[in-house]
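Look at the two complexes coming up: chain A is in both, with chain B in one and chain C in the other.
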Partner chain A sequence: MTAIPVTSVRTPGRLPRPRGLLWAVLRLHRAALVVWGLALLAAASFLFRLAALADEAERGDSACAEPATDGLPSCTAVDAITADETYSTGIAFVTACTAWLIVPVAAWAGGALIGRELENGTAHLAWTQSVTPARWLAAKLAVPAALLTLGTTGLVLLNVWARGADNPNLVGDWYHPDVFVGTGPTAVAHALAGLALGALAGMLLGRALPAAGAALGAALLLYNALDRYREFLWPTVTRDTTGWEAPRSAFQVAADGSELAFHPRSHFWPIQYVESGILLTVAALAVLAAFRILRRRTA
Partner chain B sequence: MTDIAIAAQGLGRRFGRRGRRALDRCEFVLPAGRVCALVGPNGAGKSTLLSLAAGLLRPSEGRVTVLGTTPAGARERLAYVAQDKPLHPHLTVAATLRLGRELNPGRWDESVARRIVTDADLDMDAKIRTLSGGQRTQVALALALAKRPELLLLDEPMADLDPLARHRITGLLMADAAEHGTTIVMSSHVVAELEGSCDHLLLLGAGRVRLAGPLDDLLAAHRLVTGPAQDSLDPHTVVESRTTGRQLTALIRPAGPVPASWQTAEPTLEELVLGHLRGPDAPALSLTESEEAAA
Partner chain C sequence: MTALSLRASAAEPRTRGPRGLVWVMLRVHQSALLFWLMLVTVAAGGLLWAYGPGADAAWAEYSEAGCGTTTSGFDCDMYGTAFQRYDNIVGVSSGLLTLVPLLTAAWAASALIGRELENGTARLAWTQSVSPARWLAAKLAVPAALLTAGMLTLTLLHRLMWSAGTELHEAWAVRAWDDSAIFLTNGTTATAHALLGLAVGALVGLLLPRALPALAVASVTTLAIAGALVELRPHLWPTVTVTSTDDVPAPAAVVRDGALTSDGSRIPLPDCLGEPGCLTKHDITGYYADYHPTSHFWPLHLVETGIVLAAASVAVGAAFWLLRRRTGGAV
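Moving on to the complex of A and B:
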């Protein structure tokens, strides 16, 4: 072996330390950073435990016969398995938390990240150091955005892995609102949109509580609007249902006589991309507006 | 280094579309290296003027030039302490100073900050929220002075300091001004606390500049006169006059020799300011360095 592991070269205590605005943002929002870290840790360890239950949960969901015949297990035995319930509630809980991340993120960004700083004048303190208001806002957005993207991506990947065989009886159908948002890139886009909306509310209102409230309202509105119109984000497939029964994986949108309009499972990704695109556009517009307000206010 | 610290041209700022004008067509020039007292009654526009100079507000009309450039361009070279001394309540004193160091790379002088904080007997590990108003002010001043600014803008810096701390901070500011040629602008409505430390005066009233110029010249341009009430004060400009019985006391700007029957004295800073506050209709007076040189 000629290659030396990189870690052995680095002398201890010489790790690059955050400096400047990066340090300031991390230090000022240390509480939020700790909460985010702990939440991720808790979610990850919970998902690992659930994943270990996956096989047993599958057995608890299987078909049964009383008494056991034809290779089917006895229903008493299957009923005795409680893992499936633990597993599906656990997965549903983590998925819902991921999907609804936009709400707390928006409230935090509006209140603690921007609104409070403008309200008690500490933003002015930063702007009269050697930091321009634009760089201040950029750092305030970039650092949480990076940490949110990283954390949420990890959470979604772990969640998808913990869902195992994706049995809809255990983990829900792909088109269930929470499942759809919580198991794809939309989860990250939702969190980022929440951050941007919060920042805009904070810049607009300049006070912590009203900004947190407005951001929370805007996030809920956006989440529910997307939920309501998700089925229109991609053209449906229409099929004659005479002599054909739509499978469970079909996201049924409209039925007209024997014509059924639906999204097959393969539409998961296109809808994810369109929805993420919408959310990222909303986020970009909100960030742009926030910078405009900042520019108009300060010299 | 430019030799003009702040120059305002037609500077105005109004809040809201049809709101009150906090500042209205302000014109003045503050040469560098001066310690300027910014005085005026409540709501005269002192804080607005300082915010504009610090680049925290955008003027509605006119412009303000700071250290030869825009306030934004001078950001690194100016320091500002707002009236309510905003600091992050959840940071310790040490973390607050670290914040200053991180946000002022290449300018920060840790020893200055440490000295102010140690002199104030502050615990470095104390949270800002546990400090008194006066202690917070001193941390805010440490943050401002350790930046080594060329222009220091202080909004009511002494308001919540005890007499001892006030004396110490005044000494510190004067030493900084003498040593580094720092221009200091200090607002206050307590005129007495500025007397003796300032050599330039900017008096605002209702958003307009009432008096501007070197303090000695402004004082020399005024006379506090006492004489019989029936005498006319023409052709002098009367800033303010009061009659008690048969005696008249007035603050005037002499336009020629004052009659020998009148007692005259040069006003103190406080008398000058009070006279102008009591006589809001007196014409504005701006003296500049060149006039001083010509005189």
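Moving on to the complex of A and C:
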């Protein structure tokens, strides 16, 4: 009965604007949409400002001598440059926010996206409006997933660009947890895993606050577990350290006498791919489980 | 009518257990209570382990490898497994303590106040012989008592861990007394911050009477307050100054440093990129650093505790005032 007028509204020849489920999801979660948009805007403009500081920051990090000799600037002069501090604090802040995105995303997905809808009964209302439960959940997941993927990818690309020459004194070593997660595709995989875990927690618990809490806990656990076992995600390189000192770029894993096991910089991408693969698998399993629970609930 | 019959039943003598509002509080929020007990247990266990077996094992490993002596070898460049474990446990325990204000604010804004106002269960309570002011007072007093008891216990355990582990941390050059997490959890400030979290959460819950928006706003507010206090912290007590003629002195916990001119005035380090004689041109005769010695721990700590508790009282006052306005003075 209600279904008929809804379909008749969807006549062709209207201006292209979001319709149907897409429109419903965007409209219902407009607060989250606005927050995400504003956060991206703020991060992007901040990164542009930081990128403009990069050269000055590089000068502030230069080698120095006291008094100035051999083309080396005096240490007093180098100390006087404060751009390097502003630059590295700023980059570290944006990178940390990107890396930890999984936590707020999971809490939001568990609480506002799914849990509250089931608790209030608005989900049941939606399912009577010519929307099947499966399509409802699919839209609930697809729209935020698309926005998160787009936004996080942009953020990571801008961040990598603003890092300039990637001087570890200024922007941190590649194997630092925040830097590793915040500068590669893993950042996107983390956010998506957070969304899926949140959705699963929401479907399981069916109440906003417990679901938000459980999703937050699960996201923290996943993040820290990956952080702890990241070094085992790819085989290390072993080298004898007699007469050779490991460079700073070596992610040292274990030392046995003079044998050092480490990840060279070139392992960044393999580890990124393996970690993203793990996260996307976790996300896929969580989504699958969420759909199964939905089927059981509505059967 | 309902009030009368309830009052009659409440007057019946009960044998044991908490009664009335306190009982309602504990019953409604039993999962939060369980979570808090679990958090306290885990953090206390971690701190006690780090104080005893953890520190012993890390020291044994340190002296076995001959670190801190002239013969110290490659093994001393990287943390040993025992110290790594010690460091992890100390980090997790201190981290849990620093998370408490944030978790408290999020919970207070959503589950304690926001959800009750959103669902109308608060209004239901107000019809059951409980005035809104007494309802809010119970909502704040019970968690405040539990938070204070738990946080003070954990703070004492943290002090125990830190007093035994200071040298170990110095030996490996990690964590100093002025590190944010260590400073906060070594005294009364940790408890004050947890209470501020509760007060801010309650105020936000009353301002935005919906569970999830209140949760988000309270979390962000508490993070911002914690960040602002970290910035403010070094300026809460007068610093001690040390001067030097050849280089910028670098004691621990530096607040400000720069150059001195011949007439004794302080200037920022000039931009002398490679210029010979530049220092003389700027009339620089020495350098200074303002810093906090270890003895400033308690003054800094007590001032911050005072500020945080004052802020918490203001938030609680605002919450009661708001409630009175909302409920039309029916207190």
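The criterion applied here is as follows: the second predicted complex is superposed on the first by the 283 of 299 C-alpha atoms of A that agree within 3 Å, B and C clash if a C-alpha of one lies under 4 Å from a C-alpha of the other, contacts with A are read in each partner's own complex, and residues count from 1 in each chain.
FYI, a contact is a pair of C-beta atoms (placed from the backbone, for glycine too) under 8 Å apart; a residue touches a chain by one contact, two chains touch by 3 or more.
Since the model is a prediction, treat every value here as computed from it, not as a measurement.
Asks: Do chain B and chain C fit side by side on chain A in the superposed arrangement, or is it a clash?
Replies: They fit side by side.
Asks: Please indicate which partner A:P185 is in contact with in the superposed arrangement: first for chain B, second for chain C, both, or neither.
Replies: neither
Asks: With the two structures laid over each other on chain A, which partner does A:T128 touch: chain B (first), chain C (second), both, or neither?
Replies: first
Asks: So, does A:P73 touch the first partner chain B, the second partner chain C, both, or neither?
Replies: After superposing on A, A:P73 lies in contact with chain C but is clear of chain B.
Asks: Answer with first, second, both or neither: which of chain B and chain C does A:T241 touch in the superposed model?
Replies: second
Asks: Looking at A:P264 after the superposition, I want to know if it touches chain B, chain C, both of them or none. Which is it: first, second, both, neither?
Replies: neither
Asks: Classify the contacts of A:P177 with the two partner chains as first (chain B alone), second (chain C alone), both, or neither.
Replies: neither
Asks: When the two structures are overlaid on chain A, which partner does A:R27 contact: first (chain B), second (chain C), both, or neither?
Replies: first
Asks: What does the superposition give for the shortest Cα distance from chain B to chain C, in Å?
Replies: 10 Å.
Asks: For chain A, give the residues common to its interface with chain B and its interface with chain C.
Replies: Overlap of chain B and chain C footprints on chain A: residues 31.
Asks: Help me check something: in the complex, which residues belonging to chain A touch chain C?
Replies: Listed in rising order, the residues of chain A that touch chain C are 31, 59, 66-68, 71-81, 111-112, 116, 208-210, 212, 241, 252, 255, 258.
Asks: What residues on chain B touch chain A, complex-wise?
Replies: It comes out as residues 52, 54-59, 70-72, 75-76, 78-80, 82, 84, 86-91, 95, 98-100, 102-107, 143, 147.
Asks: Across the complex, what residues on chain A touch chain B?
Replies: Interface residues on chain A, with respect to chain B: 19-21, 23-24, 27-28, 31, 120-122, 124-132, 296-299.
Asks: Which of the residues in chain C come into contact with chain A in the complex?
Replies: 31, 74-75, 78, 110-111, 115, 211-213, 215, 247-248, 259, 268-276, 278-279, 284
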